[in-house]
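Pasting in a structure now, in structure tokens, and then I'll have a few things to ask.
Here the chain labels run A, B, C and D in written order, and each chain numbers its own residues starting at 1.
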Amino acid sequence: MSGLIVSDLSISHGAISAVKNLSFSVDQGQLAAIIGSNGAGKTTLLRALSGLIPVAGGGATWKGQTLLGRKAEDLVRAGIVHVSEGKSVIPELNVKENLALGGIWRKDKKDVAAATEEVFELFPRLRERIEQSADTLSGGERQMLAIGRALIARPELLLLDEPSLGLAPLIIDQIFTAINQLRHRLGLTVVLVEQNAMSALKIADIGIIINVGSLVTSGPSKELLADANLRAAYLGY
Amino acid sequence: MLILDTLLIGLSSGAIYALMALALVLVWRSTRVVNFAQAGQAILSTYIGYEVMNRTHSYWISIPFAIIAGGAIAAFIDAVIMRALAKRSHKGSVAEIAPVIATLGMLGLIRSLTGAIWGNEYLQYTSPVSGKGYLIGGHTIPFSPQNTVIVVGALLVMGVFAVIFKFTNLGLALRAASFQPEISRLAGIRVDRIRTIGWAFAGSAGAVAGALVTPTSYLSPNSLDLLLVSGFVAAVIGGLDSLIGAVLGGLILGVGFAFILQYIGTSVTFSAAFIILIVVLFVRPRGILGSKVGRRDA
Amino acid sequence: MLVHRSTKRGVFAATIAAVAALAVSALPAQAFTPHSEIGVTANTIKLGITVPLTGSAAPGYNKVPYAMKAYFDYVNDNGGVNGRKISLVIKDDAYSPILAKSVTNDLILKDKVFALVGTLGTANNEATTKFVNDKGVPRLFVNTGYSGFANAKKYPSTYALFPSYYMEAKVMGSFLAEKYAGHKVALLYQDDDFGLDALAGFGQAGTSFVAKIPYASGSQVDPTVIGKWITSIVASGADTVVVFGVSTATAAALGGAYKAGLAGKIQWILGSVGADPTTIKTLAPTALPLLNGAIAASFLPSASDANDEYVKQFAEINAKYNKGATLDNNVLVGMNAGMLTVQALRAAGTNLTRAKLMAAIESQGSKFASAGFAPLGWSKTSHVGYNGYWFGKLGADGSQTPLDGAGKYVLYTTDSSSGAVAKATIARPAMPAKGLPTN
Amino acid sequence: MRKSKALSALTFLALGLALLGLSNFVDELRVYQGAQIGVYIIAISSIILLTGYSGQISLGHGALMAIGGYSAVLSFTYWHLPVLLAFTVGALSSALAGFILGMAAARLSGPYLAGTTLALAVGLPSLANQFHILGGEQGLSFDIGEAPKWIADKTVGEFTQYKWFFWITVLCTLVTMWFIKNLLQSRYGRTWKAVRGNPSAAALSGINVGRSKVLAFTVSSALAGLAGALLAMLLGLVAPMAFTLTLSFTIVTGAVLAGVTNLAGSIVGALVLVVIPELTDAVATHLGGSQKITANLPGLITSVLLILTVIFAPNGPQLHKRMRASKKESSNTIK
């Protein structure tokens, strides 16, 4: 079943082209890991897919509908939710308010309450810290809060940018386990951008490796993990 | 007696500064812009209130019209000018002063516009509430029913917006959008629209200020000029982010000003606000209620 | 490297821009007038005036130039001056000396006016003095009462019209001594040359005050400042208050006194600058009960005096030529200066030059017909205009009646130094027929 | 590097001589306006240095100009200093005030700094009322006299006082521009750029960010002081009314019109400030209409222009060009 299809996509920052003729596809329900070193264009790609920046050329569709030229806030309403890099929470607000933001635009308030409850079950620590302001949370808790807020929007396609950034290995494991559980339970399609290739590919169905804005290769994550050349060149171990 | 009178003078003019400071804080909270056009917008909405009063012969009926007009003017400025500005000059060293310049330009534009329409004459926008001080034990105190209206107005504006910010989704969206516009967009908030609403709120608050304050003097394209500076100073004293701070800042400025004039002399009139501001900022560089990240104290 | 290259480009751009700037500058400002005197042709005379048309000082005063222009238009429609029509270039200085300086440059160098008439403001006139002197441009009937401008040595081409603030204070001092001996008098004054001129005058007259309250110009709109005035007045125990301020300050003082419940408890005595009842009425309607019964100094007849021949004639011209402006003291000031200007131009003869204009004022000016009750003092050695005031009681309707009853004007005259104050009766030249001078 | 320095020195010299020469052939009004432009160039440069190069904001430069103006006039009148020395005193006094203000500014962030400088612009000039020696509201007059005979005799036509003003202003402006240009190429200039670009990175690389900002404020104030002294010369007086809030706003406006990161743009900004009122006045007179409209039309047009500029060319026309150029260069390096 066709989910996310990116074809021939190019994105530029001024005169610098950050993503060049990139093509890949992710089926519905799949978890795709996009792997690449710092500056490979991963974040730029996600920002374009979620409507934050314009593209220079090419196409991107979700379930047959184009993603391009639409506003970020409209894409959220269409089920495409982006958790941006660096603990996407609002430090000036408390935990409760940060979560409330995720469902602020939704009409079905009953379901918002239900979704919030689910988030608390998934991340019990958030319930403990509910009145605390977000800037007092630890890095892992912030990441939980950011993902939790995204879930309250009841996404179909979740775009996660570097959830492991700056976290301790133990916390990374927790977060990744949670992501894996989630997508199985909710049938989410997830695009996970990561530098931490091993952890990501372990839970991913497919892997997409990019370098300096261009596709290096893509395929089932097990195959990628098995390819010794790739491991040496891009996966970093 | 003199001390008490001076205090009352300070409180009644402080309430006026507070109202203007509230409007500035509202714009700052929703868009991180210091709106120098605020006094001008308040003038324009008051002129509209004046026109309504001329037709309906009622001060009270004119106030809601002025408030709506104030909101509409502000929303227009944000949607047409500030939005274009944010798109085009969000980066670089101009980013910080571009909004300042744009709002200064708006101030000039509104002044010239009101001058071109209504002339530079002084007009009367009068309140039926008496401006004569209360008589207490044979002594007329320098605090009148109209001053009471102004103080109540300031507290009401502060209260209404504190409730909106603290307890409603709209308030939550306003705060989120001002602190982290991009994350807010990714949470599904229509940030552009929310900012415009924030401006409209501020415009309405400014309109309340104009409508309540003008009856104590008169209406002309320049009649709220003094409030431009004192309102801003009051807002800065209060910490820019806090509604309570704006009111406190206004009162501190008013009372401080009154005491300086009474006990130091009138020759420091224009320097007094500067002196008070320096003293406050020396002790608290972010104002009395401004905190490091500009938090949610309503 | 990058830094270096861009600065070089910057210098280049700067050079181009600077040369372009001068190229623009080099364009001639205006074609040269083929007459022997600047601003005069066979059938036109060009005059200029600077006044605040915008900004906080504009209200009231912005009526003066248009009233003057209305009078000139009236004269032009009746044949002009020696066959020449008068045009008046009006420039807004927003009451800023910087702007006054640059618009005066425009008037003299670009518009090439023959003379300046009725330029307003003490500091503004000061700022342009050096240039006006250097160019020898006549500056007639300046709209300020600062005594300095009557100094013919320092301001050789400037002619004062209003009695000075110094004279006013002296006259008021002797009036107070005569009618309010034993009263406790407080003084509210503007803290600049306007007020200081008056303070010096009161000092000369030996007037003593129970309180002297200065205010900074522009601060009179602040409620805190007004509050301070009133507490000071009450604290001093004054029963009589003299106000030497602009209209907005007078209105603010009266309004503040009303709010403090002082109505009927204080006798107000208002200096001429801020005593236009029409303006005060618009500024502070609540002050009306206090205005009623206040005493004001004046040198022109009251605009409400429909029996005065000057007021009557000016009202007629105003109705026809001034687009429905209400007749008030500011309109009178504008028309009166206009009429004096026409007489000065006529007196200078058909071969009009700046030197002849100034000579004409010095030799014949004291005989010109004008609405003012005091005589005009222009001579070879003095550039003093009017030198006296009468005192009238204001009514709630904005009228001003002499203290001894309608039509019974008593004039107090004096000078800007140690001379005595004398009481005189009014001896004013008659209004020329139809308001058209025939001198 | 040395060769180019000599070259640009020559450019400045040639420019100066060309301007002085031209002054003999243009209308007196234009000469005065030329001097006005010079004053604005210096004042705008002071803002550009502060905002464009060091990332600080000031709405109170009018007050610093007042300090410069008053000090110059006082030292000229009471110490009988030669004019140029009096101007130097003005610049130095203003620099001292700027140093103190800069220390305070280093503690304050954006809007708080804007608020403080705004209050300063309103509060400081009227302090003149406090001290008798400053002449109160009326101010002090300032007449530098006519040009020396040995200069006046060697030029074409009448050597008016305005022409003398122009010559002095041209001299001061060129010296100032030369000074700033070299300053920006020096260590300090590079430091400011680093701080503006990324304060935390600059701090990490060992730059004392606070000191760098205070220095920028001090230099900027010195320039404002010089501009204030020159303005006092043009006006022939110093008075609180000459240094209003409007003046502070005007020069910030000029800096924005100039493109606030572009020193050469200050010429454009200054030119616009002088030309616009003239043009709008002409338009207003031409269109006629009621006095309400003619009186307010210039303000209306200027405001609209200001808003349009800040929206459509916030960095001034020059910077767009440079940005394009630098983009090209940076894309080259990536390849």
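Operating definition for what follows: a residue touches a chain if its C-beta (ideal position, glycine included) is under 8 Å from a C-beta of that chain, and two chains touch if they have at least 3 such contacts.
Because the structure is a prediction, the values reported are computed rather than measured.
Visitor: Note down the smallest number of touching-chain steps it takes to go from chain B to chain C.
Guide: The fewest touching-chain steps linking chain B to chain C number 1.
Visitor: Centre-to-centre on C-alpha atoms, which chain is most distant from chain D?
Guide: Using the mean of the C-alpha atoms as each chain's centre, the farthest one from chain D is A.
Visitor: As a quick test, compute the distance in whole Å between the mean CA positions of chain C and chain D.
Guide: Comparing mean C-alpha positions, chain D is 35 Å from chain C.
Visitor: Centroid from C-alpha atoms only, then distance chain B to chain D, rounded to Å. What do you get?
Guide: The answer is 32 Å.
Visitor: Rounded to a whole Å, what is the gap between the Cα centroids of chain A and chain C?
Guide: Roughly 74 Å separates the two chain centres.
Visitor: Any idea how many Å lie between the Cα centroids of chain A and chain D?
Guide: Inter-chain centre distance comes to 51 Å.
Visitor: Any chance you could list the residues of chain C touching two or more other chains?
Guide: Answer for chain C, listing residues that touch two or more other chains: 53-54, 62, 191, 216.
Visitor: Touching at least two other chains at once: which residues of chain B meet that condition?
Guide: 111-112, 115, 120, 267, 269-270
Visitor: Counting only residues that touch at least two other chains, what does the list for chain A look like?
Guide: Not one residue in chain A touches at least two other chains.
Visitor: Could you list, by residue number, the parts of chain A that touch chain B in their complex?
Guide: 50, 52, 71-73, 76-77, 81-84, 88-94, 97, 100-102, 104-105, 133, 135, 149, 153
Visitor: Tell me, which parts of chain B touch chain A in their complex?
Guide: Touch list, chain B to chain A: 169, 172-173, 175-176, 179-180, 182-191, 293-296.
Visitor: Touching chain C in the complex: which residues of chain B?
Guide: Residues in contact with chain C: 2, 5-6, 9-10, 12-13, 16, 111-112, 115, 120-124, 126, 131-133, 135, 140, 142, 144, 216-218, 220-223, 225-226, 230, 254, 257-258, 261-262, 266-267, 269-270.
Visitor: Which of the residues in chain C end up touching chain D in this complex?
Guide: Against chain D, chain C makes touches at 2-4, 6-11, 13-15, 17-19, 21-22, 24-29, 53-54, 62, 66, 92, 95-98, 101-102, 105-106, 109-110, 122-123, 126-127, 129-131, 134, 191-193, 196, 216-217, 323.
Visitor: Within their complex, state which residues of chain D touch chain C.
Guide: Chain D residues touching chain C: 1, 4, 8, 11-12, 15, 18-19, 22, 25-34, 36-37, 126, 129, 136-139, 141, 143, 160-162, 177, 181, 184-185, 190, 231, 234-237, 239, 241-242, 244, 246-247, 262-265, 267-268, 271, 275, 277-278, 281, 290-291, 295-296, 298-299, 318, 322, 325-326, 329.
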